[in-house]
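What follows are several structures.
Same chain, two partners: chain A is paired with chain B first, then with chain C.
And now, the complex of A and B:
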């Protein structure tokens, strides 16, 4: 279901965690809230989930067009997955997943057999069949994460909210789980919002990336949009590698990504600038050059293919010509 | 050359273990053993006769009955106090928190005198209750109050660290899954506090059973009515009835051991392994 956030403000003491957030999330989307720590992304997620509330009268949350701003978490039907899973340590995997169904009012609570079927179905969905009798302490991090997901899905949530879902996992598991979540989301189709500070994760996983900084939304767009057409210097710097340099002899700053720099022979007529290769690092499919402009102390990084490197026969100390795809900012 | 032990990087194992054993033996185990040795001199029938008099049985009923009641009261209100001290921030919290330790720190005789002063028929509270015919001091309710007083810190202090470590996110998770506050407490929080609560309550009970100092002043010590077991032991000693005193002491010791075993068993049974 769709989520709309209007003019949301949240203050903790004197700290303004959210300063007027506006956001529209369409049904079925997988959305990343991306930003450095302290940018307010988790606060926003918690307010959407009803675990925190905006300053009185300062903003609204609509889920599926319905104003839920004042609704407590228990009534909101937002499946929340916590960074450290927050599984109930004393309950088995089965009972953890069944919790949301067991606590329903008698009138709307499914029967024992139905709960059992639902839980086992969910455990199959998150690939944890056969582990229903285990305690959380007997599971790996990745398994706990998926129990938390199954538990949140058991209540048939209107939206799924994930707080740093992979933050506590090691790199390998993280990558696997990321891929899995992507196809999982395609399968179940619930509108999903997840918080991350890892730009790679956001770009790889999300349909829409919301870049946040200091309690505000810097840019909202598809991964390609935010990467290729950053709206603000912050987005440019936060997403991917970027060189921030002064053109030789001129005061204005410009941003250029390493792969957007074309390396030419020094004598090439197309060359806009000339620079010297200060360092050369070639491992993997591409090579990274650290370049220094002539008559300048600025350096910048450029990525070229190994093939080009070999064809041009470049080595450290060589002089080369550069052509840049420029985007200038302030 | 003798057999080589695997090398340990921690020095002084032999010395420190030897000291530990000698210390525990001298201070704890040896005196307790002596109680049994002395008591065994009586023989089974002698033991049975020494502890089966009406006076002893009445004292046992009083001591264990009131101790059980006192620790149950502490179980309920200790949980409440620990909850308030951990979960809320209010002016005077530090003072209240420190005052929980008073029953630990205060000489028990002082507590006994203070409680008696308040609850005696001419005391502050006693004089209010006296017109209604309610007698607190020099009657079982007075003993109960003294036992609640000395047992409270055990419950509060065992619960506090567990409550402090409790992940708030678990409560939030329960709420987001649709649980009411009460369901969250009953199904999520309470089961995870239970081991500590059981431990604290059992400790309070064990302490109450052996309590002497604070009770003797307020109890009135009427044989068969308000006489507790520890006092009876002293009385027997004063009457040179060493055999009887030892028999009673052995009985109390056995019960204490049984309680210790029970605590261990309950803790193992209800232990919740936290995920880290």
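And now, the complex of A and C:
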């Protein structure tokens, strides 16, 4: 279901965690809230889930067009997955997943057999069949994550909210689970918002990336939009590698990504600037050059293909010409 | 692991000296006195012992002690859980003041704790006249003794729970709420199971103190034999009357309660330890 956030503000003491957030998330989307720590992304997620509330009168949350700003978490039906899973340690995997059904009022609580079917179905969905009798302590990190997901899905949530879903996992599991979550989301289609500080994760996984900084939304767009057309210097710097340099002899700053720099022979007529290769690092399909402008202390990084490196026969200390595929900011 | 143990091991003579010294100290100051209680209690034979603990005043002292524990321990369990819940799970103004207040009974002498209630509810106390007019007896009666015992034993449960609940954080409670549980369901199904062993432990310590408390209860009891004497007070009365066989017989019951508490405590620590290793 759709989520709309209007003019949301949240203050903790004197700290303004959220300063007027506006956001529209369409049904079925997979959305990343991306930002550095302290940017307010987790606070926003908790407020959407009803675990925290905006300053009185400061903003609204609409889920499926309905104002839920004042609605407590228990009534909101937002499936929440916590960073450290927050599984109930004393309950088995089965009872963890069944929790949301067991606590329902008698009138709307499914029968024992139905609960059993639903839980086993969910465990199959998250590929944990056969583990229902285990305790959370007997599971790996990735398995716990999926129990938390199944538990959140058991209440048939209107929206699914994930706080740093891969934060506590090691790199390998992280990658696998990321891919799995992508196809999983396609399968179940629930509007999903996840918080992350990892740009790679956001770009790879999300339909829409919301870049946040200091309690504000810097930019909202598809991964390609926010990467290729950053709206602000912050987005430029936060998403992917970027050089922030002063052109020789001029005061204005500009941003350029390492792959947007064309390396030419020093004598090439197209060359806009000249620089010296200070360091060269070649591993994998591309090579990274650290370049220093003539008569300047600024350095910048450039990526070129291994093929080009070999064809041009470049090595450290060589002088080269540069042409920048520029999108300037600042 | 074994390397580390070896590198931190002291020479044999030092170990023998330290362990031996400690055992001698424990024996002299803890075991011998405890053993002597039982030796003294049975010195004049089983018949005297049985008579001493089944005598009317002794029976009433035992009943009163158990009654006080039955009143105070459940109340303090509830108070302690409530206070620990408030302190660990919420942030509010005056939180550190509340923490300090919880420790107050540990900080002041039990005699003072008793005296406070005499000053409040005694004949010449703040509410004394009003209480007398309405024919309500608090001091020199069970209500006053219960109040003093509650005061003295208040910190045990709360102190046991606060660090644990603080360490556990709120995430599981939040998870329960987001799954649709009410506050009460969250407490019963999530919070309580998580603090179960610490709560038992706190209750046992609270119970031990409630049964053994002397100072505070002594001030408010009035020492009416067969009516307001608890077991510890009864022991003192007997001892002051040079009836040492009966005094030690009753003391042995208190000691047994203490040993039982220790056994329970050890069992709970063992269970909690099992859970900790394999939670």
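One rule holds in what follows: the second predicted complex is superposed on the first by the 330 of 330 C-alpha atoms of A that agree within 3 Å, B and C clash if a C-alpha of one lies under 4 Å from a C-alpha of the other, contacts with A are read in each partner's own complex, and residues count from 1 in each chain.
By definition in this document, a contact is a pair of C-beta atoms (placed from the backbone, for glycine too) under 8 Å apart; a residue touches a chain by one contact, two chains touch by 3 or more.
These figures come from a predicted structure and were not determined experimentally.
After superposition onto chain A, the partners chain B and chain C occupy overlapping space and clash. In the superposition on chain A, contact of A:137 is made with both chain B and chain C. When both complexes are overlaid on chain A, the residue A:257 reaches neither chain B nor chain C.
By the touch criterion defined above, A:151 lies against chain B and chain C together after alignment on the C-alpha atoms of chain A.
Chain A uses residues 49-51, 72-80, 82, 84, 86-90, 99-100, 103-104, 135, 137, 151-152, 154-155 to touch chain B in one structure and chain C in the other.
Taken together, the chain A residues at the contact with chain C in this complex read 49-51, 72-80, 82, 84, 86-90, 99-100, 103-104, 135, 137, 151-152, 154-155.
The part of chain A that touches chain B in the complex is made up of residues 49-51, 72-80, 82, 84-90, 99-100, 102-104, 135-137, 139, 144, 148, 151-152, 154-155. Residue ranges on chain C touching chain A, taken from their complex, read 171-172, 174-182, 185, 189-190, 193-194, 278-279. Listing the residues of chain B that touch chain A in their complex gives 167, 169-170, 172-180, 183, 187-188, 191-192, 272-275.
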